[in-house]
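In the two complexes that follow, chain A is the common piece, with chain B as its partner first and chain C second.
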Partner chain A sequence: MQRDDTMKKKVRNLFLAVLALLPASVLAGPSGEALSFTCAGCHGTDGSSVGPSMPAIAGMDPEVFVDAMKAYRNDQRNATIMNRIAKAYSDEQFKEMAWFFASQKLHLFPQAHDVALAERGFKLHEKHCEKCHENGGRPGDAGTLAGQWMPYLEYTMDDFLNGKRKWPRKMQRKVDAAIADEGQDALPALIHYYGSQQ
Partner chain B sequence: MTDINRRTFIRAAGGVAALGATLGFPSLALGATRRVVVIGGGVGGATAAKYIRKLDASIAVTLIETKPSYTSCFMSNEVLSGERTLESLTFGYDGLRRYGVEVIRDTAVGIDPEKKSVKTAGGHSFDYDACVVSPGIGFKWETIEGYDEEVAAETVPHAWNAGPQTTLLRRQLEAMPEGGHVIIAAPPNPFKCPPGPYERASQIAMYCKHHKPRAKITILDPKDAFSKQGLYIEGWTKLYGYGTDNSMIEWVGAAGGGTIEELDPTTLTIQAEIEEFQGDVVNIIPPQKAGPIAFAADLVDGDWCPVDKRTFESQRHKDIYVLGDASSAAKMPKSAYAANSQAKVCAAAIIARFNGLEPGDPTFVNTCYSVVGEDFGISVAAVYGLNSHTNTIQPIPNSGGVSPANASPEIRKREVSYAHSWFKNVINDMLE
Partner chain C sequence: MPRRIASTTRAACFWVVLLSLFIMPAVYAKSVEPAGELMIHNFDPETGKRIIPNERCLTCHGDEKEKSDVRDDGSPVKIFVHSEQIEASVHGEQSCTSCHVTIDRVPHREAPKVVVGCIECHKETWDQHKDDPDGKHERLKVVNEQIDNFMDSVHAQPNKLDQSRTNATCYDCHEAHNVGELGSIQRAEKRLKNPEVCGRCHEKELEEYRTSDHGKAVLEKGDSESAICSDCHTTHEIASPETDKAKLAITKNCGDCHEDAQRTYFDSYHGQVHRLGYTNTAKCHDCHGGHEVKSADDPTSEIHANNRLENCRNCHTEANDNFLSFWPHSDADDRENYPTMWFAKRFMQALIFGVMAFFWVHVLLWLYREVMDRFQGKGFIEDLNHPDVVYFRRFPAVWRWIHGLFAISTMTLILTGTTLLFSHTDWAKTVVIFLGGVEMEGIIHRTAAVIWLGIFLSHLVIAICNIWCKRDKFEWFGSTSMLPNMKDLRDLRDMFKWFLGRGERPQFSHWTYWQKFDYWAPFWGAAVIGSSGILLFMPEKTALVLPGWMFNIATLIHAEEALLAAIFLNSVHFFNVHFRPERFPMSTTIFTGAIPIEEFKHDHRLEYERLVAAGELEDHLVKRPSRRADLAASFITSVLIMAGLALLTLVLIGLMTTPS
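Let's turn to the complex of A and B:
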C-alpha cells in the first residue's frame, strides 16, 4: 500500500516535470506557481513553514488541500484569516495551488517536546490514527501530522472537540477511543509525538 | 485526487511552464551570463534576489546594501513594549549567499540607464541587464518645523526604520516618570506600515499598563481614519480603558486638530493645528517619500516611483524595476508582505524577459498582523489581481478584509501566535 502510494506520487511528479516543458501559451490568468508563491510569507518558502504555529502545506495531498480551501471559502472552518483569503480564488485556482504544493518536499524543523509523552503518543497513533494518517502522519492521503507545528495541531483538535470543525469520516470515533485509552493526556501525547518527528 | 482531471493538470503544470519553458538550458541558449543588480537588502530586494537565483541559477545576482545585516521594522513595536530585543529582529545575509547571491556592502548612489550601470559610494560600478531598486522610504523633513534628522537621532526619534532609534525610544519609555505623557505623531497617507503607529501606541500601552499604569498616550493624527480602526478601538476599549475618563490612549484625528506643524525639541512641545501638546516622550513619524536612490536615479514622479504593475518595471527608465515601499502600487499598502509578493512577480517577469517570453499575469497578496495587547491579535488580508487596461492592482472582489469584530478570545489569541509566525516566515522567505 505504502509502496503503491510512493509510486503514485513519483509518477505524478514525473508527469508534472514533463508538462513543465510545454509552452507557456496554454496559460490564462496567473500560473499555479505564481499563485502559490503568494502563500510563502505565512506558510514558508514552497509551503515549509518555519513556525511557530502557521501550518506547513508542502507535500499536502491535493484533494485535502482543495477540500480545506473550499471549506474556508464557505466559512465552514473556524478560521482566523484563511476564510478571507480563500474567497479570492476559483476552484480551478485551488487545484493549481494544490498541485504546486503536492509536488514540494516538506522540510521539518525541530520542536520542543516531551519525549516520554511523545512515546505514549506514538503508541496511540499506531493504534488509532495510522490507518488514515499513514507513515506516522507524513504527507499522504490525509492531513499531514508528522512534524506539523504543535500549536496548529492544538488549535485544530480544539476546533474538532468544540464542534467548530466537521469531523472527517471515522475520526471522532478514533479520537474518542484514544481518549478512552489515555484520558486527558491522549491529545497532548499525540501532539507531542507529531511534534517530535523530523 | 480523482476530480482533478487532465486539463487541470496541464494548467497546473503550466504554472511551472510559465517560468520553466526555456529554463532547462538557459546558459546554452543565451551564451552570455545575464546579470541582475539589486539595490537594497530589505524585503523587496532580498526576496527578489533569492527568487531569481532559486528560479534560474544561471543568472548572476549582485545585491548592494549599506548595512551589514537586516533589521526588520515589522515587529519592532514589540521592542518598545519590552517583549523582544532588537537583536531578535536582526538577520545576516548568509542565507542569500547560499543561493549564490553576491552581497556587497556599499551604498548605491546613481544608476546610468543608458550604460546600464550602478554606481556606488565606494567608487565601484556594477553593470546589469536588469536592475531591481528596493530602497524603502525616505522622510520629508521639511514638512515639520523644528524636526530634522539630528533631532530624530538624539531627542525625538521617529523609529520608523528599526535600529538605534528604536533602542532610544525604548530607553526613553523606561526612563519616563510614572504618570508620564507619550505623544505619537502619525504621518499622512501614504506611508510605510499603515497600522504601525496604532500598534505602536498599543504596545507602549501594554508596557505602561504593567510598569506605569497612570501614563497617557496621545496619538496626533493628520487623518480622520486609520487602518484596522474598529479593531484597534475594540482592543483599546477592552485592554486600556479607551472611551472612559481613565483611558490610557487618546486619539486626536484631523478634525480634532491632530495635524502637527512645529516641534520645540528642547521642551518637547508640539504645535498642532488647534492646540499645543507637551510630552515626556515624543515620537514623530514624519511624512514619507521613496528612499534617496530613487530620487538620485530619476525614478520618481512626485514622492514615489511609477511602475508597470505587471512587472514592476519603472515607467521612467527601461530595465529598472522598483519594488516595495518606494513604488506606487496604489491599492497595495506599503507593507513587508506586499513587498515580498511584488518581488516574486518581478523576479518571474525578469526571468521571462531574459528568455524572450511575455511575463505572465501577476497575482499579489498582502497580509498584516498587529498585536494590540496580551492575547489580542488582529489582521488584514487582501488578494489582488491586475487590471492591465488601467495598469492598476485591484483587490479580488468579495475577498479579504480585517478580522471580524468581537471575535472570541481564542481567535484573538491565535492571531497573536500567527503574527509571530507571519514574522518568521516572511523573514525566512526573504533571507533563507
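Let's turn to the complex of A and C:
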C-alpha cells in the first residue's frame, strides 16, 4: 500500500514537472540554427548556396543580413519570394539567424569566368569599389561580392540600374564612374572579377 | 539473361546515372573555404558591437589621393586625416571609434555626425588611473583642471545664434588628431598655429593681431616664444574681455613675459588699484592697445608720443600735455633712467631707517632701564595709601579734541592708504571690499585727508593766536615752548647715560624732548604728506601747473613718509606715552586733559618747581577727573591703541611680504 502511494506521488510529480517545463520550452523558441534550416533549400546548407542565382549568405555580415531582411519584410527591396518569407520573422529572429550565418564559413564554388575580363574588373574594383567592398569584396559591412554567384550579381546590378533597388549612399556615383571608365564592359568585368575569386 | 534480371540491371543503371547526375557536379566542383577569420570576429563578443579597426577608417580617411569627398547634398567635405600624426599623438593608441562613437557602420549608411565628447573619457580615465604608481596618467590631472576651467568659460556657454551648440568645444581649438605631449614638436607647432585657430571665429581680432609686434613675430618670423592669443587670454579660462576676470587675467599674463614692466606697473597707483582686483584703472592694454600692441617708435602705436594723450584722456578726460611727462613705469631703483626717483627713494628710506633705528634703540634701552629700576624698587611708583586726588591740567579741551580727531583721521588715512601700498596682500583686498571698493576708498581717503589737513591748519592758527596773544611775554625757548633747545640735546644725552646706568634720570621741563619730537615729526609729516597729497588729490588740476613726473615723485614721497608715520606713531609714540612700564597699560591724559600731580612731578620736575617758585602752580591744579570721564578716556584710548596696533601689524605684514 505504502509503495503504491510513493509510486503514485512519483508519477504525479513527474507529470507536474513535465507540465511546468513544457510551456517554457515552447516559449524559448527555436535557435538561430534551427530557424536557418528553412533557408537551406535555396541558400544551401549553412548558407553556402549551390544555385547560381542564389546568393551565398554564409559568413555574411550580421548587420547587413538584418538590414536585408528588414528591407524585404518592408517591401523596400526587389524580391522574388524573400519579401513573403521575411514577413514571418521578428527582429529578434533576424538577429538570431544573422549570427548563425555570420558564424559559418563560406564555401565557394569555382565559376566559369573570362580571365582577361576579370583582370579589368580587378582594376575597376581597386579604383572604384575597394573602399566600401574591402579586400576585393570579401564579406564585410558592404555585403559579400568575392566569390558570389555571378548570375546573382548580374540580377542585382540590373535591379540597381533599373531602379528596382535603392542605391546605397555613394554607390551610384561609383558605378557611373566605373562605366565612364570602361563603358558597357564595366559591370561584366567586375562580375567576372568577383566570380573569379576563391 | 532472364528478363527480370535485365530489367533490374536497367533500373540499376538508370539510378546510377541519375545519382551520378547529382553527385558528379559536387565531386567535380569541390568547394573551397576562403582564408580569414569568421565574420563574428569583427564583433565584440561581450557587447555585440562591431569592432571597426583604424585601418578600415583610414581606407577612405587616410587616402592622400582623395582628401575630400562630397556630401549627400553635393557640397565638398574634407575627410583626410594624417594617420602618422594620430599615431605620434597622445591618443595614438586609441581607436577612431573610441572618440567617434556615432560611427557604427562602414561604409556609413547615413552622413556621419561628428559628435565627439572628450570630457567624459578624460574624466573617467583619470578617475581610474589617478592612484596608479607609475604616474603615466599624471597629465590627465591638468587636463581635468582645464576641463573644469573650460566648463566655467564663455566658450562652454550655449551659442547665442544656435543654442544647440556651445560657442566652442575642445576640437575647435585642439587639433583633434594631433594632440601632442608636453615638449613635443606638436606643442611648438600648436603655438604658432594658435592665432589662426582662434582667428577662425575671432576674425577681426586676428587681423588686428597680425599688425602687432607679437603677431609679426609669430606669424611672419615663426617665433613661437612671442605672445599668442592664449598667453594673454588663457587657454581654457576664457572670459568675455568685458569682464573683470578677463581683464585681471590679461594684465597678469602680460607680466609673465614683461616682468619688469609689470613690477613697475604694480608700483604705480594704476597697478596698485589693479592688483587689489579692480579694473577701473589703466591696465596694460588700455595704454599699449590689446591686439595691436607695438613699440613706442611705431607711429601707429598707441604709446607713440603722438597718440599717448588720447589714452590718458579715456579716463582723465581733461588731461593736458603735462600728462605726457608722467612715467607710467617709473622705477625708483633704476638710477640711470629715473635719477630723481632714485634719489627721492634713497632719501626717504634713509629717513625711515634712521628715525626708526634710532627710536627703536631708544625704546628698547628705555624699556630695559625701567624694568631694571622696578626690580630695584626705583622709579615712579603709585602710592596706594595716598591715591592722587590733585591733578595737573596739561591740555585744554581744544587740544584734546584736536588730538582725538587727528588720531582718528590719521588711522583712517593709514588704513586706506596702505591698502594701495600693500595691494599684494590679502588683507588689503579684504579691507577694500569691506570699504566698498577702490572708488569708495578714494572718497574716504580724501575726506579723511581734508579733515586731517583741516585739523593741522586749525592747530596752526590756534598756536599762532596763542603766541600772538602772549607776544609780550612769550619766550620762544622758554619752558612751555615746543621749540627744541640745547637742553633737549643734553636731556637726550643724559637719558642714554641713564639707560646704560651711568647717570641719573634727567629732570624735564614742561615738554620733554621725545614729546617735542612726537609733535614736530607729525608737523613735518603733515607738511610733506599733505603737500604731496594735494598734488595727487586732483591730478588734472595739478597738471595745469606741474609736469606729469611730479605725480611719480609725489606718490613715492607720500607713501614713504606715510609709512614712516604709521610705524613711528603706532610703535615709538605708543611706547613713549603708553607702554613704558611707568605708564603701562596707558595714559589717558590726552583725553582727560589732566595728569596726577605726582606723575607730573616725576616727569616734569623742573616745570613743577618753576611753577611752585613762581606761585603759579595753583592755577593749573584741577580735581581728579570723574569716574565716568576716566572710564570714557580709558575706553577711547584703548580703542585707539588697539586700532593703532592692528594697523601696525597690517603694515608690518605688508612690508615683510612685499615682492622683491
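Just so we're on the same page, the second predicted complex is superposed on the first by the 171 of 198 C-alpha atoms of A that agree within 3 Å, B and C clash if a C-alpha of one lies under 4 Å from a C-alpha of the other, contacts with A are read in each partner's own complex, and residues count from 1 in each chain.
By our rule, a residue touches a chain if its C-beta (ideal position, glycine included) is under 8 Å from a C-beta of that chain, and two chains touch if they have at least 3 such contacts.
Given the structure is predicted, the values throughout are model-derived calculations rather than measurements.
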| item | value |
| --- | --- |
| Which superposed partner A:180 touches (first chain B, second chain C, both, neither) | neither |
| Which superposed partner A:105 touches (first chain B, second chain C, both, neither) | second |
| First, second, both or neither for A:37, with chain B first and chain C second | first |
| Contacts of A:170 with chain B and chain C, given as first, second, both or neither | second |
| Touched partner set for A:116, first chain B, second chain C, both or neither | neither |
| Which partner reaches more residues of chain A (counting touched residues only), chain B or chain C | B |
| Which of chain B and chain C A:92 touches, first, second, both or neither | first |
| First (chain B), second (chain C), both or neither touched by A:198 | second |
| First, second, both or neither for A:52, with chain B first and chain C second | first |
| Intersection of chain A interface sets (partners chain B, chain C) | 61-63, 99 |
| Of all residues in chain A, those that touch chain C in their complex | 48, 59-63, 99, 102-110, 130-132, 134-135, 138-142, 146-147, 168-170, 197-198 |
| Residues of chain C that touch chain A when the two form their complex | 29, 31-34, 36, 38-40, 42-43, 50, 56, 59-60, 63, 72, 105-111 |
| Interfacial residue positions of chain B with respect to chain A in the complex | 1-4, 8-21, 24, 51, 336-337, 340-341, 344-345, 348, 357, 360-365, 367, 379, 381, 383, 385, 396, 398-401, 403, 410-411, 414-415, 417-418, 420-422, 424-426, 428-429, 432 |
| Touch list for chain A against partner chain B, complex | 15-16, 19-24, 26-45, 49-54, 61-63, 66, 78, 80-81, 84-89, 92, 95-96, 98-100, 149, 151, 155, 158 |
